[in-house]
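Down below are the structures I want you to see.
Here come two complexes built around chain A, the first alongside chain B, the second alongside chain C.
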Partner chain A sequence: MIDEDIDQLTNSYLSFKLSDEFFAVHVSKVLNILELVPITKVPKSSDVLKGVINLRGSVLGVIDIRMKFNEIISENTKETCILVLEVLIDNEMVEVGAIVDSVEEVIEVKENEIQPPLSVGTKYKSEFITGLLKSKDKFIMILDMDKIFAFDHASMLLDDMPET
Partner chain B sequence: MDNFQKKFIEEATDLINDLEQALLSLEKQPKDTEIVASVFRIMHSLKGGGGMFGFDEISNFTHNLETIYDEIRNGNLLVTEELLSITFSSVDHLRNLLDPEALKNEQISKNHNILLSKVEGILKKHDKKIIETQIPETEKEESVQTFYIYFGPNESIMDNGTNPLYLLDELNTIGNCNVYTRTQKIPLLSKFNFSKCYTSWEVFLVTKEPVASIQDVFIFVEDESELEISNIANFDILSESEILDKIEDLFDEKSHFDLSILSPFINNYEKEKKNKIDTVTEKLSTFTKENVISSIRVSSDKIDELMNLVSELVTSQASLSLFVEENKVQELNQLAENIENITRQLRDTAFNISLIPIETMLTRFHRLIRDLSTEFGKNIDFITEGAETELDKTLIQGLTDPLMHIIRNSVDHGIESEKERVKLGKTLKGMIYLKAYYSGANVVIKIQDDGKGIDLAKVRQKAISKELIQHDSKLTERELLDIIFLPGFSTAENVTDVSGRGVGMDVVKRKIEEIRGTVELDSKTNVGTTITIKLPLTLSIIDGLLVMIGNTKYVMPLNLVNKIYAVNHQDFKKAYNNIIIIDGEQIPFYYLRDEFEIDTEPLEVEQMVIVKYEDKKIGLAVDDVIGEYQAVLKPLGKLYKNHEIISGATILGDGTIALVLDTNKIIHEFSFKN
Partner chain C sequence: MKNTGSIRTKLISIIGLSVLVPIIIVIIISSLKLRDDAIILAKTNAKTNAEIYSKGIGQDLNQVFKALNTFTDILSSTMDENGVSNFDLEQIHQMENKFLIENKQVLTVFLNFLPNHFNKIDNSGTNETLTSFKYINKKGVYSYLDRWNYNFKSDVVSYLKQHNGQIFTEPYKDFLEGDSLLMISYGKAIYSNNEISGVLGVDISIDWIQNYISNTELFNGAAQIFIVSDGGIINADNKNKANVGKNITDIINGYQKDDLFENFNEIEVLEEGDFKFTVPVNFEGVDKAWYVIIKVPEKSVLKDTNWLLGKRIGLVSLILLLALSIAYIYTNKIITRIFKLSKIAEKVAQGNLDVSFEVVGNDEIEDLSQSLQTMVDKFFEIIKNIKKTTEDLYKSGNALSETAIKLSEGASEQASSTEEVSASMEQLNANIEQNAENSKLADAMAQKSATGIEISSKNVIATTSAMGDIAKKISIIGDIAFQTNILALNASVEAARAGQYGKGFGVVAKEVGKLADNSKVAAADINDITSKSFISAKKSGELLDQIVPDIKKTALLVQEITNASLEQRAGTDQINNALQQLNNVTQQNAASAEQLAMNVEALNSYADELTKLIGFFNLDKENNEKENNDFAQNEDDIDNSNYKYKEEINDFSDFESDMKEIEDDNEYDEKLEQKENKDFKIDFESKIEKKISKTQEILPKEPKDIKRGFNFNLGNEDSDDEFEKF
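What follows is the complex of A and B.
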């Protein structure tokens, strides 16, 4: 009974949109979803680091992962929101905020429905993508948030290979 | 490592610290039996705890030491200097042993064996003496106590196979027993049920064991019986025929002894024999004294969490007050004021909890001075005052190293050798005096020595040779003393083991500034040197100046702010080489708007905040000054870990965030850049 629960949990992903592409992150990583609030920019920091917000009395750093994945940054809309994620930075669990264009849905998938990431032909560095999901005719890339945040904040995650 | 072991390590660390402190006092009064007893007691607890939680090395190591101090306690051995220095080294070694892997380290393992053999050496020497003198060792009577135990099992106690008589047998193994059986409840044979227990017992037990081991006997029947255990005397009443007679008298048809008659009788009896048992009562009084100090151990994580919650409450309360003020709701006014009051009290109490007395670090210094004076052949008294003064725990952590260094300097360079002191007509013994006291929202720590003071001529020479000052520059005494804090300056002629560790007073100053403190130095030739350290009470709340740059609010630490001037935007633009003249003074400044790359339209009149930076005045130009603000500091978090110019953030009453500027780091960074 308990095993079943865990199985279900391990197979739940939250999908979201960056520009017009779909990504997903394991639900165990997501603590909260906030609407976009004014963000206090910290001077002399890279553009990817959006700044800090007040999350129930503590200070939460917010990162714009759109900048890591897309060259073009979409305008903020009503649907733009902040995912509060728990990621491992320097061997320590840290709460961080990530701006996404919109949150889609929680999808439940069986382990065998996840396909390995394509090693060629994608514009993203494959090391940040743990797998591919196909849901209702669209492809969803599952992201490894720990790796993304361990990566130098300023750099883009686009692969050097030109888009074909 | 499991939780219990962690707990033990925490406890053992305290015990080892206590031990060190006790040893230091023992060194001063080697004949004080009470101190010896406490040394023994601590070792005993260490040994017991170590064995229980699997730290066998600690347990074994302490065992022999404990035996030695037991012998001293019993008057069979004397405290010698040799023994003390071995014990001190052992204390250091015990600290190492707290790491279960310690003995895998070759150095530690070697040390372990050397110390063990030294301790054994002392014991062997002593054993021989004992055999020679044949001192008969009788059991000490002091620890014997008499307990009264009433054991009244429920009728059904035998249902689950318990035999009450076995319990009584077990009691008998703990000590000497007199058992009285109460049979009044046994019914007539016709009503008698063989599977039920109708009897109750009363026992007078004389034992050296603590009350806990008696409770252990009954541990499985506690719920099924009436049980009363009380200490009625601290001596063996069973060997006093007068008391036994009285007990026989009292044993009547009642269901149990009336302790309210028996106890006073025993007490009187005891008083009469007081001379004989003086030592016992003394022990009892120290025992109760220990029990009076009531404190609990709380992990610092929990305190940090509490502090976070309190800060959150303070912020929420601020927004409540703001709301009430804006909306003028009469009914809410009173309520908001009440909450403000309670919040303030709660905040003060919570901050108080995270304060610890500076006493906790003093033991280390006592030890340091002791070790150093032996090493340098100097004779030094370390006197402390205000050890109860409390500081935030993080401050204490940050303060220990700089203080250690200052004290090292005093011992090494300050205090003269005995010979020199005699020549100068000073007392043979040197003195280092540490005084801590509150001064407003600050804590001041003064370290004073009566040594030779700082030779200003030497300082001058050295400063010239190190090209810190011009060869012909005229400096006041004050300015000369300040040179000592400059990087790359150290007056020690020979690099000694103590001071020559590559750090000078500049590091001391920097470390203290890191915890937002200031340090000052005074010195008089042949009278001594005084170092005064001033610290804020806590690190988590700062008095700040709230300013605006662009759309963001910032907080600057108020203690660094000197003056504020209004300056026309045009004047900033016209300024050449970032220097502006205010009140006839040339002041270098940084235009933070540009530095922070903010591109909104600047105001016509802007504000220049003059801050102190290493005795210089530097201007920081901001858009607007909002006012003073008490900021609860919050960390910016991991994402900004390398972002030094912002030391944290604070949440304002309206829920928005203001960033706390580290002005020293800003000026440092920008001056390097230019």
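What follows is the complex of A and C.
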């Protein structure tokens, strides 16, 4: 029963949209979904770090993961949201905000439906992508947020992060 | 060939006359002149001869008379007042001998004295009777001879006194020494103291005068020569010698004494045309005269002249004959060629144009032949062309007749068309009036529409703003849906994180999310529809805004259409008038077509006639060559003159009869043709008449009064011109 729960838990993904591509992140990593609120810019910070917002009294750093993929940054729309993610950086769980173009849905996926990522031929670094699943005629890339934020950008993010 | 040889006759007559007349005139003039000249010459000749005779006779006798006068003067000077001479008889005899010797013509010298005169030797006589001394002749001294008594038997002294102491006897014949001699005696008185005392005389032989004349033969002896004195004929030419010595009364040839001696005109023309010359022989110191008379008969004078004249006439006749024969030869040459030309020309007259005028010679006839050749060649060309043209004309005439029929048909069609057009025009007129009414209605409607649309426009604007409001409201719904969705997602995430326990919540969250999504979709749809409606409404508003001025414009246009309709109506009226005029013209066209048809018929008949006329000319080469050959034969025969002419004339009569036969044939053909023409004519006319009557049925009656437009109802003469112009 517990295993099933875990399975169930582990098998739910939140899908979102970056530009025209669909991505998904495991719900365990998602704390909250926020509407886009005004982001306070942090001086002398990198481009990836968009700024900070106030999340229920605490400061949350917001990064533009679109930049992470050197994507063309879309204009902000009504659907633009900030995902509040719980990311493991340097064995430390850190909350961080990520701007996505839109949030789609929560999908339940069985283990066998996830296909391994393609090693070659993709424009994204395969180390960020843990798997590929197909839902309603569209391919969704499952992102490993820990790995994404494990990079120096993330550390830099942490460095740049003002002390709470 | 009726006039064969008449040119020759004329030419020869002209040449003969032209030679003969001047020659005859010249002969007449010259013969007259010759005659005159001959007469003048004869007169001169006669006169000269008469003068020569007169002079010759005068000279010889005057010498003797002069010597005797001198002698008597000498004797007179020796006489004293008693009549006694100083000379003795012997001395006188010597003087007398000397005298005889010196003067050859003197036969005797004698001296007579009154008694008791001259030495008083003889006193036997009376005072009145002269005593004669011996007289002396050439043979010696003869005894006394009382010559004076012998001769005068009268008173010598008184005779001497009466005749200035002169005795001049008439010629007489005397016997001297046994010879009969013709002589005259001349005596001169010897005076003493102005009284006649004696007379010295001589006998002079005049036989020498006879010789003097008879040696000359004047005018071949035709002239008569006389030397006459008061008493008779002293001398004459040989023929009249027998009359010498005769008294003048015995004279021959009817010459009367008076005629001969009393009219001593120098020249006298006698009755028969003869003439006579009288020249006196003058003696010095003698009061008597002889006359030399020459009588010349005209015949003899003109004998030579006549001979000359005859010779001339002969010569002239010869020349005339020569001239005439030359004229004959040359005219024959000319006439032969003219005849040839005439033959060829006759061929041409018979319609054969392919002939050749080959006449040789460097004269006008050759020029004529060349000119004729040129003329006939030209005719040939022209008639060929005419023939061709006539055919064309005939074709054209037929085509024209068809055209005339078509024209007539066209006129009738035109008439019906005109009628149709007229009906159409009336319809059109009605339509136009309807249009005018309609356009008025349309105008009112347009006005109404304009106001309606203005209101609509305002409503649309209101609608648009309402749409905007709806959109705003809808976007709020959209926002709500979005937020709801996010809430649902958060819920889902939370549910997912909650695991087994959050499963139900997750389902609810999911349903909420679905609702939110549906709301979003609906909101989006509404938004979409609203925005579309908004755009449509906006567009409608804009369109309405645009339409309003358009409709106003339309109203204006409709008004213009109304005006235009009125104008159109006026226009259609004019068109109606024009149509009526067109009707008139069509009628005239129909009449003209009829006229044209008649003319074409005439044209066709003319063309027929022309073809027949031109058909007279033969342009066929082969035929002509054959004829030309025949002609060449003829040509050779022409010189054989009359016989040939006759033969040819016979030929011609044959030919004429042939021609007549051909003409009869032609007549038959003509009749046939005429019949055909007539048939055609009737057919054609009936066709035309049908067409025309049809046309006239269709054509409306000619309008009697045309008020507007051009007036075609002019006078008859003008209408034709006008029609032609038209």
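The rule is simple: the second predicted complex is superposed on the first by the 152 of 164 C-alpha atoms of A that agree within 3 Å, B and C clash if a C-alpha of one lies under 4 Å from a C-alpha of the other, contacts with A are read in each partner's own complex, and residues count from 1 in each chain.
One rule holds for everything that comes next: contacts are C-beta pairs under 8 Å (C-beta built on N, C-alpha and C of every residue); 3 or more make two chains touch, one makes a residue touch a chain.
Fair warning: this is a prediction, and the values are worked out from it, not measured in the lab.
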item	value
Simultaneous placement of chain C and chain B on chain A, clash or fit	fit
Partner chain in contact with A:L49 - chain B first, chain C second, else both or neither	first
Which of chain B and chain C A:E35 touches, first, second, both or neither	second
Partner chain(s) touched by A:D20 [first = chain B, second = chain C, both, neither]	neither
Contacts of A:E75 with chain B and chain C, given as first, second, both or neither	neither
Which superposed partner A:D137 touches (first chain B, second chain C, both, neither)	neither
Chain B versus chain C as contact partner of A:E111, first or second or both or neither	neither
Overlay on shared chain A, then closest C-alpha pair between chain B and chain C (Å)	20
Chain A-facing residues of chain B, complex	308, 311-312, 315-316, 552, 595-598, 634-640, 643, 645-646, 648-649, 651, 655-659
Chain C-facing residues of chain A, complex	1, 4-6, 8-9, 12, 14, 27-28, 30-35, 78-79, 81, 103, 105-106
Contact set on chain A toward chain B in their complex	38, 40-45, 49, 52-54, 56-61, 63, 89-90, 92, 94-96, 153
Contacting residues of chain C [partner chain A, same complex]	478-479, 482-483, 485-486, 489-490, 492-493, 495-497, 499-500, 503, 506, 510, 513
